[in-house]
């Protein structure tokens, strides 16, 4: 019985982790049709921001929840103004430019921080479930994923910002019709997407540590999850994460981590063959 | 542009190619020969993506899959066969077959754009993951251990056909690689000049119209994709003979590198990606010799490559070849229009009236 | 194949060479004043954490030798190459070092793949090669000297030590490549030899960062101790997630790979982990203390590992052999090294084993404590028994391959 | 009664909750020229897309020369002998005019023959003098003509023209009218157009689409006097 609970928890944790690493990318893709291949490095930067702040004496929670998203969000706005803005409507070019950005960020962080930055330990201690123990922080991250999804949904559903965002998702000209400059919408969207990545990067730092190349571990999974999810930011990401995360964890438990990983990838390929526009490209088209 | 210019261009490329093929072994030092062999193997890979992305408009994020498959097929087959000739043939045939399967899966499913990118990327990741975990003995194929992360260091060198044991010397491998590159380059040129080639380019321009004209676009895309896969396999074969095969051949950075060569050299040309490939190879090679003083002065190659890529996408999106020909055209126009008026812009305006 | 006829036309080649290696050819004018030595270590890309400290210790050793008057009346000139964690560049730089720079010796290679990329090349070009990294063992080639420890040397001591301390039920987690696979086999062998049992062995590709499911599997298996042969930056996540689940208070860890990780993890995460290496920073000798101080201070490297220290030993072993042979001729130097060459330095005494071209070295068992390792016990002069079982270069001097060591359990 | 070249039975195309084409029964005789009119959004272009295979109809049959081609792929339908000029010119913008038309001719004719047929089609449409120009740089009307030449070059049995006159100069329209009349001597044509002047010049029989269905069908003069037709158009304008 304990084992079943712990298994279920592990699946939730895997799904939550996919949601978290994909969300920033999904916001930017869903709203702007821009694939940010530097997404992994945005997460990495969030981790460095949190750890640097923490080592400078900032409270851990403040460092993870405020400093990291703020830093990366601002960085995102700068990137949008300097690079992305010139490439709207050119999907492939934005992918290439952000990829260049990702390489440059890895190089830059290596030069500035070196690669032996000490990490921070996960707070909150551990939980005991029957004969098993699990990190309370992992459970906290499941909670964070839920909160972020719920908050995103509320913003899109109920606020003026959300209205503008939904309009822009349907039709890029809509923002102008609502009296907002599309350029501003894009800058804000990219900033929010980047801030989300920064937040998640900060939150994951205690579990994964920070090295300049950590982004590579995230980007492929995030990319695959977002594209499998399709155009709807929240439901697409949530459904794709649920599906892929469950398959991954189940296969990992039953066999080995490699088979888990390969099962996830094969599932994504088959999914895209059946639904070439992603899950929400076919179903739940009107979802958020 | 008249017909004279492309002819002159082809001739120039051929002369440079033959010059390298016959000139370099006679004059250059060994390390340059080895470097040039690696560059030439990679240049074939650059041509393979230039063909399917630049001409057919299929952005394959997993060209490394065919490259790696070519290398591994060769290594495994050569270890088992003893004679390498059959292995070399397989090294081209198997990636081609794999491309046929994957292409059938994608093109008959009407998958395109970024979705095609994700699938090719994912497939190369699957292969990478798979090969990476084959360190155990259960992963021996016949005599050949797949070797996991470490690869197959004992990759045999090609022998003269029919004479196992008579290995090709490094100069021979060099000549083979450069000779193949020249063949592949002009082969692709010739292919693109045929009806098939022109239809493929038309698909890049407007797939719907091609279908409405009565051509089955899927067949053409599949064919060019298979040719691209075979060329990538050929490149993997040559790479296996100049370095050795390891799982990094399948990795994301390799796929990425190919895309960088093509974008820097110029999308929609064949010579551009070859030049882009060689330039980037020379550059990264040079970057690795810079760090002579430990403790400070590290130049991070990632930083340099990243900045180059961003700058090219933003400022030189059509690549070096376009930059050169535009500059040449601009200069020519400046020189020609000097006497009466010096307003080249005004002359170009009226055509674009709405 | 003759490369010599081309020398006639070196001037032309230098022109071509300038394109790919600009800064070098000017220096060649005075090349004869130096003895050139090449280092090929990844100082960028995923392996730079090791490469940078290996470059530092190599620089230190060369500077020391030069300060003491150099070799054979000449100064050593160190040429560093950075292959950027990319195998292809190993091939290119090794060829360049051997045929263009004509170096007396090449030190370098971190992964086994990189070693196997350059070993045949350097043999073909008659250039002596030192590989200073702990690895899975089995290389048998008279042109190479492997100064790092192999699993039999460390695992043999570590397993009985931790089993006596913690219990007989072992769970092994290892990186999924040759080194991890072979280490896991040695762990199994020595566990059984000491009357214990390996309940499960799991392998992880080098880029896995999520160890959640594994940590739960370990809990289900309830071992007395976990033996880790995890490697690299991604795998550090295991120690964090292990501690986050509170498991570090429940099941103890031992490792032959947990080294530099001690800098990156926090004391709460790593205190109590027991390791075995041929070098630990905590070795309490004046030589080591001075060495560590220089490396920390002058080179700014926060933590020294076996890889970098053995690189330092390797350079000195070679230099002593050159002095003894009174020549940099490859065969003469190999002869001098095979004649029981030995160097005593920060890692203790390292002696060349003529039969295998590996080293007889001191093994230390240590415990991670607040970002350092304290030495708990040391075993002097451990022979490379694993390689010796498959390789005898005295009998078969023309052997040239890496044997897969068959671990009998 | 002769067999029709094209007949649809209950052709329906549904997008989610919207019936874009709703049970259309349509017949076209050999060598007939039919005009389709109707307000924007009446389903004319969707109807065309169902005929050419660009869309797979939800239900119903499309009989082309007695063979049901509903749901067949566009290239197969084109090979059957159907050519279409789409509403927004669908051409190869990066290629020259000559290459564009050659690609169309080369599907049917081999080698030199294809070049000659392409040249003929360009002359016929009146773009022979701009064969070397890159299509992407041409004005809208000229691009329409390029597409027209591409439709003509392989000499299909049935030609569908979706708003062919849009963006053309008066001279170009005159030539288009001549061309349509000439094509009609040997080919069946369906023409969608908004310009009533144009309709009057070419049409004999007119079919009016409204809300995805056929509202009325008949002789051009009768149709243009029909009150329902006027309501449909006026209602549209009033809204």
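A few remarks follow.
Which chain is which? They are A, B, C and D, in the order written, and residues in each are numbered from 1.
The rule is short, and it goes like this: a contact is a pair of C-beta atoms (placed from the backbone, for glycine too) under 8 Å apart; a residue touches a chain by one contact, two chains touch by 3 or more.
Quick caveat, the model's predicted, so the values are computed rather than measured.
Comparing the centres of all chains, each the average of its CA atoms, the largest separation from chain B belongs to D. Taking the mean of each chain's C-alpha atoms, the chain closest to the overall C-alpha centroid is B. Across B-C and A-C, the chain pair carrying more C-beta contacts is B-C.
Look at where the CA atoms of chain A average out and do the same for chain D: the two points lie 48 Å apart. The centroid of the Cα atoms in chain A and the matching centroid in chain C are 37 Å apart. Chain A and chain B have CA centres that are 32 Å apart.
The set of chain B residues that touch two or more partner chains comprises 129, 132-133, 298, 300-302. Touching two or more other chains at once are residues 107, 110, 216, 256, 258, 261 of chain A. Chain D has no residue in contact with two or more other chains. In summary, the structure contains touching chain pairs A-B, A-C, B-C, B-D. Those residues of chain C that touch chain A in the shared complex are 44-46, 48-49, 176, 202-205, 207-210, 212-217, 219-220, 233-234, 236-237, 240-241, 243-247, 250, 260, 263-266, 268-269, 302-303, 371. Remark: chain B residues 24, 26-32, 34-35, 38, 129, 132-133, 135-137, 145, 147-151, 153-154, 169-171, 239, 242-244, 246, 248, 282, 284-292, 294-295, 298, 300-302 touch chain C in the complex. Against chain B, the residues of chain A that register as touching in their complex are 35, 83, 86-87, 91-93, 95-97, 99-108, 110-111, 216, 220, 223-224, 227-228, 256, 258, 261-262, 265-266, 268-269, 272-273, 276-278.
Residues 59, 105-106, 109-111, 113-115, 117-119, 121-123, 125-126, 129-130, 132-133, 252, 256, 259-260, 263, 298, 300-314, 317 of chain B are the ones touching chain A in the complex.
Those residues of chain B that touch chain D in the shared complex are 195, 198-199, 201-202, 204-206, 208-217, 351-353.
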